[in-house]
């Protein structure tokens, strides 16, 4: 068996196992919770990622493939119009059947099917299908982070404030204040090279940057508290118009999970807010208002990527929190979606969303890179999202 | 131990056990489903009925009582403003904690507490509290029916159309067509006597009835099908104004659980619609439109009760389906709500609702009586509700 | 010309003129305002009442009748399904065309048409159509009151708080406190005799009343202020469940048009609230909560009618405010809607509404009678609605 | 009087008169219509533009200035948080007072006030305030176009389909098919120089463009009809995800004002759809779906501006329809909002909107320029919006 094959198989096993390890502390009841239409139950994530391998890898490429249960495609297809009708998204939390046990049994069957498929694929099949296996793994890794944000949103609605995961969060090291300067000019951004990247990171292309500075670290709880204390949520002048409307309509007075007693709700239940930790669970609107208050702005995604790729990048680019940029999620010049059903993966969402860069503490290891373009609507707050300031130089 | 005491204890054990027997075929995932704000999860019903005994019987009457978990009152108080704040009703399906196992363990503790309380109560306590124990049992029996309507509503939203309960529904005996005539005049309705009754059934009082006829049986699926086939859902002239608005806004074309293939969704999954079986899962609006189409009307609740109490009552008064009347749910003359927190049980809902009479196949044995006043909003369809015609004589 | 004919013609002229006199102080811009879907523009009322004569009197009975503009039936048909499609109710305020001038010109043509029709009708036509002319006048009188409630609701939304009508409201005479007692027993209610009545007031029938007392006058501003001051709007225990939900959802803290400065908004603009004047612009929910607070209840419609018809009726039965009863709007025993299109006038609204009795200061002279059944949803507050207490004797 | 002064005064008179000329064919009733929260009544536009001169020019700069009616600022302030509270936007159509006559009288007073102010200003005042007078005129010109889009939206809801303006639309000259190629490279966009520009058009800055082609003319009705006929509104694969959701939720089957009889609703009432005329009243979503169907894309705003500024620009850049671009409305590098209240003019809307370029047949003469950035939400259809294709070269 060629190295590439055994490596892929090993990676497949590891990623799939990690999903289940993440879910393991949660009961079947927990795994069925859907906090809101935009979030999904843990069980649904476990099932959807299996469906993805069935629908994208095995169905088109594995000879004689038969789905485990053909009625389930409707339940676990997320948004692929070309792959058939879908159960309404807001009703994912109403699927008590299939049970968690059935979903886990299905995972065993899909696992075996993909492992066999990998092992037995001839060269042509490898060329055609292995990139899709890799995509399935990257996809599952994305859902591993969503499993964490979504269960957090659901448990936050329980007055008992239960912890999703046992133990305590690791402490945040104190960061480094100040700014890093960049000259700008014509620089290149976007993915290039051999590693995996989503279609939306390509093609690599030149952009023109003006001189700028970017903060060495993310904005902290202490800094954000000062903004709150200074009336940040009561001063319309600091906010974009849509942001101010959200503040008023939804009664925002602080980050999503801040609690009146000085704690915040985390995957480990309510925890004290460490002053030096990056503030999290912000919307783009809040990030932009804070920046305005601080006499700064958010970086564009090109500025962020250029800094992150520099010889001396700022700290906390990865592994802390996703970082809102000032960039709308648009196609790069000459962008082409992938061919086939997976063309719906990214391209059709390129309106009404804002780019976040970096990665969070919940992003699976190996899943982050400087060209990665995460995206959410400007009012979304349930992600592990924070902010880094920038300013003109 | 006096007979009354041991009888009450036995009855307590039986009713409590029946709730759990009803839930037993359902998984913990099933028991967490909430189809809509008006319906509740099975687990919530199991917990709420326990909370009721804690809050209404033990807390005020059992010396030294301590709640099992004082944080749970907020979760399982349904609507008693005088008993403290409540978790939002539409979010009952988001309570993965306490788990089903915890709720069942709590039931064990409440069971033991009430049994001990019954056994040890002195005469004064018996006089004060045994009626509340009885109320708790009647309350739990009401929830036993709701457990069935609510899980049906939830599973109906699953494209897999799973059965809540194994087996097949029992066949409906063929009924007896035709009408029964009553002279009317001054008659009495309302509860009187020794047995249990809710406050809303009292006081017994005189009403004036004009001569009327009432159908010997409920309207059947075959009869209702003829209404549908005759354009019943497309002819505004048959409908009350609010009913026609509901037809259009919600796209009704038949009873709630009728399916295009001639089946209907039942607690035993999709089943053929027996032509002679009473049509069920109708709103008041549909019942009234059918009656209009049939050249008849719905009985008033007084007419219904008078007929049911007659020497030769119509068939299917009890044990088939709840029967919409033409009566709004209002206080009887000189009605007084019970004293204390249980005064909120019935009285505060006496606006915007329509009375249903009789009982359904899902009503627990011994829970039905001629003076019973069930009530739901006119657009509600998820109950086991049908209709019986009446007409002026 | 027989007396009946000339009398009808004279009455027709007078009623029609009164509508226009009511509208006269309002500009064309005022007359186009629609405050909410349940309220209509003044101009629409002027047009709709003309359409009613065209559609109900002239079209079926006047030989060779041609509508003034056949496109207008769609615009000014209110809710008669049998008379064709209708412009959406919430968009009545968007009809700048036809202009007010055109609507007034149309009124001239309809006036002439009906007058000619009345004058030339033969005996058969008189028998068939004169009751419909009378209905058209009663209908127009109903709309004369709605013209006043609806323009008030619209102008109340203008921060300039303009007065609909010039001048000042007449002072309220001080009333008479205390109670009037009635023995009850079997009494008759409902219209009988030669005068006009709506179908919903018939047939006259016997009802059984228990001894009761009814207040000599309506609840005053001063009394209601005491309820507010006593936390009436903050004490859930006083409210029906739906009422309490309305208080919270809509933020009610007092009657609809009470203002913080002690004034209330009236057809004559903001005016001081006279302590002895009947409190107005209450919903049924508020009326019921006040009664609960006062240790009383609302009268049933039968109690109200029986008292009003007594030899010594309470004061303010007519000409002050409509009075919420504790009765849902239901068909009387053996009620039959009128034949034809006007069968939609009343019957189809007999669910979800509450009966009000009496009449208000804005009810046209001659339009009130003891059997009159006005009706509105329990949350409606923009009518000239107050409350009179009752209690068991 | 210096030339600059007399020129400004003349221009002021002309622009102000043009607003009233636009409104003149509309009745006071027409001028009060508000079709939806995003659109405003004609009368409101006439008043708001006057308020703007009062609030932005006269109040801060004219000694001894007193507002015409200080209560009106609340009514006619659109969205300037720093200038005080505002009447709710969706209720602008409920302002029958002040009347149209009063608003026109106010315009006379404001006109006189500004003319006097211009004439008497000393050099310092000129320097400080004349740019604001100019802004007020540009602002009023923007509202002149909105007056036309907004009255069209309102009259379109009237089943009588009345024409806003008399006469017939001028014919569209046949266009020129084909593409124009551009090399791209580093180009500059944004306003520079002496003429007026909004803050959002600055600063001029370099961007990097790749070689591209842009269509010589706008997409025509005939071309768009082919898209519709080819199932364009039924094929999810052509649409951005949010666009497809809008198609389904709102039932779109063609451009906003297309009618089933082959006509379209225009300011001159229903008119035949000229095949060679540019298709109009499209959302961004529809423009993007059409481009996808046509195997092309929308131009970026930089591509559009570069082409429009070229020696041989494509036709119909100006005076036909606003043209959706593929660019989100974001701040240019180093963008700074204007100082003071007018800083709210543009900057706070820079999220959730899409840039349109060019100008329409309804844009006032002299108001268009290549750097102009118009912007609307991606679902907006009531503007005079069309599309021009682009593609990679």
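Per-chain numbering from 1; labels A, B, C and D assigned in written order.
Criterion: a residue touches a chain if its C-beta (ideal position, glycine included) is under 8 Å from a C-beta of that chain, and two chains touch if they have at least 3 such contacts.
None of these values were measured; they are calculated from a predicted model.
Where touching is counted per the definition, chain C and chain D have no chain in common. Taking the mean Cα position of each chain as its centre, D sits at the greatest distance from chain B. The distance from the centre of chain A to the centre of chain D, with each centre set as the mean of the Cα atoms, comes to 37 Å.
Averaging Cα coordinates per chain places chain A and chain B 46 Å apart. Separating the CA-averaged centres of chain B and chain D is a span of 58 Å.
Residues of chain D in contact with at least two other chains: none.
If you sketch which chains touch which, the chains form one closed loop in which each chain touches exactly two neighbours. Residues of chain B touching chain C in their complex: 79, 81-82, 186, 205-210, 236-237, 239-244, 284-285, 288, 326-328, 330-331, 333-334, 348-352, 354, 378, 392. For chain B in complex with chain A, the residues that touch the partner chain are 27-30, 32-33, 35, 71, 74-75, 87, 91, 93-100, 154-155, 157-160, 162.
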